[in-house]
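Chain IDs A, B, C and D follow the sequence of writing; residue 1 opens each chain.
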Amino acid sequence: MSPDLHHTGRLLIACPDARGIVAAVAGFLAEHGANLLDAQQHTDTEHGEFFMRAEFDLTDCDLTPTTFPECWSPIAQRHSMTWHVRFDGRPLRVAILVGRQPHCLYDLLWRHEAGELPIEVPLIVSNHDTLRPIAEHAGIPFEHRPIVAGDKPAQEAQLRDLFEAQQIDLIVLARYMQVLSSEFLTRWPNRIINIHHSFLPAFAGGDPYRQAYDRGVKIIGATSHYVTEVLDDGPIIAQDVVEVSHRDSTDDLKRKGRDLERTVLARAVRAHVQDRILVSQNKTVVFE
Amino acid sequence: MSPDLHHTGRLLIACPDARGIVAAVAGFLAEHGANLLDAQQHTDTEHGEFFMRAEFDLTDCDLTPTTFPECWSPIAQRHSMTWHVRFDGRPLRVAILVGRQPHCLYDLLWRHEAGELPIEVPLIVSNHDTLRPIAEHAGIPFEHRPIVAGDKPAQEAQLRDLFEAQQIDLIVLARYMQVLSSEFLTRWPNRIINIHHSFLPAFAGGDPYRQAYDRGVKIIGATSHYVTEVLDDGPIIAQDVVEVSHRDSTDDLKRKGRDLERTVLARAVRAHVQDRILVSQNKTVVFE
Amino acid sequence: MSPDLHHTGRLLIACPDARGIVAAVAGFLAEHGANLLDAQQHTDTEHGEFFMRAEFDLTDCDLTPTTFPECWSPIAQRHSMTWHVRFDGRPLRVAILVGRQPHCLYDLLWRHEAGELPIEVPLIVSNHDTLRPIAEHAGIPFEHRPIVAGDKPAQEAQLRDLFEAQQIDLIVLARYMQVLSSEFLTRWPNRIINIHHSFLPAFAGGDPYRQAYDRGVKIIGATSHYVTEVLDDGPIIAQDVVEVSHRDSTDDLKRKGRDLERTVLARAVRAHVQDRILVSQNKTVVFE
Amino acid sequence: MSPDLHHTGRLLIACPDARGIVAAVAGFLAEHGANLLDAQQHTDTEHGEFFMRAEFDLTDCDLTPTTFPECWSPIAQRHSMTWHVRFDGRPLRVAILVGRQPHCLYDLLWRHEAGELPIEVPLIVSNHDTLRPIAEHAGIPFEHRPIVAGDKPAQEAQLRDLFEAQQIDLIVLARYMQVLSSEFLTRWPNRIINIHHSFLPAFAGGDPYRQAYDRGVKIIGATSHYVTEVLDDGPIIAQDVVEVSHRDSTDDLKRKGRDLERTVLARAVRAHVQDRILVSQNKTVVFE
């Protein structure tokens, strides 16, 4: 279901498991004229954590993005909630970071054009100039920020300035082949999505199709995850796989893998921008 | 998640869409000390119908199967609900109806033994005596009820008597190759589950693997559905598919199909006995 | 494996089943210095038909596209073969016919650019002018041939002239929503590939996602097939499916289906242009 | 396609890549009246290795299992082939080694009964007595060989004696939870098949479902492989996967995984007993 950003709100909650939380949320929304459209919960019994996503209709709702926090805080405090609400009707501002491979970029832009992703893309950034024509055809500013003389910190500082100036909500690494520093990552926690071209945790690191070929696996995969300080280890959002056989060369694996990479990345981005993801214990809860 | 039948209740609701239903349900349960473990909803916007499943903890709940209806009826009436609750801790009583093919029977019995299906199987019935040894090995009474001199109504009457005597809640057609009369079917509405060996609506009727072979499809499937008066047309509960190629003979399709049939049927039975299915418009809502 | 068009030949054979055919083919090629790289066969035991694909290295081969037929004909005649060889190093000339939906066109062009499809695309044709910018960005001539005053035969005659003038080998209907006349179809037998947005034979005809939604299926599909006179009934080349649930609206089915359509169509086109498909009994043999 | 063991032969070849091998094989068989039913090849261009499987009809063939080696050896020597032929009409003798979990054993026995596996099962062996009733119901001798006082070498010696006495061709580890010594393994090279309950190389070693749960993967898998000295590192024969979500507990992973384990193991065993597998570089070529 595609949420209509302008007429619905989405509330995400994580808190210690306890009784009556759903009733409290449903009651609060009903009291404020917000019709509950969809509510999903999950309890991690092992860690005693409760997760919830509520989507509600704003038509007769007396809450605004400004007044919500104050009205909501008694309930949030009672249950020690970490929470996040969004109903300002504003699409998320997404920056796409790319290398030299075009397929994931093409795909995100095409889905954006097709209306699959309720986002704005104010800029595309790369350490190479290769994909500039694609950005230009889509009418999106392309910023070439090369890594000069191996000075990655300098380039990263430029990226950070660009993203902050543009008030970027989400950074998508669409086959950007550089590792980002922990300083950079902590600036956008759980807001940087990467696509890794293997079925993680198998074949983390470099050249995963080569690793898969050498191991002789019969299925290859792609994994989209939030980026954390440990390489290819962040919370997994989406994965998909495709069968391969001894007939497939590494080039065949790359070809088949590209189809996975673009759909898996798009699925992860879509879940994020629809406020469907909660993170805990380095894992994700992805509500449907 | 496997519900513990003895300590949880499950409430299924269908009603015209309206505001405040989730809040009403959640509030009602909270009021009666029933901690809401899981609540799922679905709105069919096209037909203006609302569906909900609530699973709740009974530990501190003051409701009993006897008192629930009276306490609940004001809310049910206000929203014109069709509803169903179950929290008597009793596993459903399931009769399995078979023909000559063993694979689906074997599979259901094996899953039952493995604890995957919270059911009782008081009897297995067939118009053939072929599978008696399997039933006996499992220690389940096997009733051979042949169709004598083509008199199907007589045999069907025997089946009905058997099932009524045993207070059967659910009838599973595990490759039972006879069509049941509408009189029989109306006795157990949405409580007779069939497995059809094709990807319905393709290849309804007889010999679907032959039909699939002749059409040259590249994927075959299996479909589990509630049985209705129109052959192979009832509400679909579960489907799955597998790739085939020109190399596969009809025997290969049958072999590959058997694996589908047993997993798809088991999935449908499991969803039913966990009270996860609602039916409307000849379609199912299957909550996860 | 990606055949290198310039240094390999591909021979496709269909004939009545008989002994010694593989030995005859292998011997013939060895005799002429053509190293057999890959040979695949299939016997349709039901119809007594034999199919074979041989791919061979031309490096030391004394055959040419001109001399091949004469040298080969004794074997071909002895076994009453229908056969087809290609080793002129020329990529197939493919015309893409589109309507208003861009996703399949985008996808074919992107794969072409990525080197996945050894083809030339001399023109893109449509009865609408909608997708012209995509063609122009790719630097491919776009021919807008509207159906004026409902006169489809006139428009079809224009298409035929365009395709003949351009010596088109293969026509790809990338969501072209018009039915082609049998006169047109017989001009390119087994050389017109369509993508139908359902899991055929289910939901042939118009609005298949709507049909799938109304039937309540739990899986949807897409089917690529050669076009024949009977609508959506031609030999199936490739199919794929994706799971859906009661949560998915018809718009969701369309969105999920688009991903299937583009990959399935691309797979079919790739198999065709690599000379991997033989047709018999309204079915395909697709060698891997 | 199911080979009829009594009327067909199967020849497996591995050798350095060279020209004319297919022609030599096809010619040899034709010369001896063996009609070539199916020939498949594969060239590992990276390592310059050639692999071939030929299946041939014995009806008018003048070769016997006894005379074949002498007739064939000139070709084999010319190309430095490693080769293996089988056309004695004898089903392979398979020993099944189990622990306490019944699902893979049940499944293999059921498939055997259904005619899916052309094998004999002269014995089932376990270090536990738990599954004896299943073996007895199937009429297969069950040998309980416990590991007494931690003395694994003694128990392994008993296993070896049993298998040698029974002239076992293939050992299937159907969830046998003990590591076998390298001494034992070298006795049956590429003739011991294991099922590991993860998508290898992810989650090798103990408790892979727990590992998968903790990592938060969205897909789990099962892998069947030949056993080598390095744990869970042998040549992979077959793999399959299933989607999971945050809703799935480790028990759910185990339940879903059981379905994978049994189909994947059966697929690997079937490929082996149909002489479809060649091993090189710690990888498999599995002809279809």
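Simple rule for what comes next: contacts are C-beta pairs under 8 Å (C-beta built on N, C-alpha and C of every residue); 3 or more make two chains touch, one makes a residue touch a chain.
Please read all numbers here as calculations on a predicted model, not as lab measurements.
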| item | value |
| --- | --- |
| Most distant chain from chain D by Cα centroid | A |
| More contacts between chains, A-D or B-D | A-D |
| Degree value of the rotation bringing chain A onto chain B, based on Cα positions, nearest 5 | 180 |
| Proportion of interface numbers common to chain A and chain C (over half same, under half different) | same |
| Listed chain pair A-C, B-C or A-B that repeats interface C-D [over half of contact pairs the same by residue number] | A-B |
| Geometric centre distance via CA averages, chain D-chain B, whole Å | 37 |
| Whole-Å separation of chain centres (CA-atom averages), chain A against chain D | 42 |
| Multi-chain contact residues (two or more partners), chain B | 245, 247, 249 |
| Partner chain C, residues of chain B touching it in the complex | 42, 44-45, 199-203, 215-219, 221, 235-241, 245-247, 249, 281-286 |
| Chain C-touching residues of chain A, taken from the complex the two chains share | 1-2, 102-103, 106, 110, 113-114, 116, 137, 245, 247-249, 251-252, 255, 258-259, 263, 288 |
| Residue ranges of chain D touching chain C (in the complex, touch as defined) | 19-20, 22-23, 25-27, 29-30, 35-41, 43 |
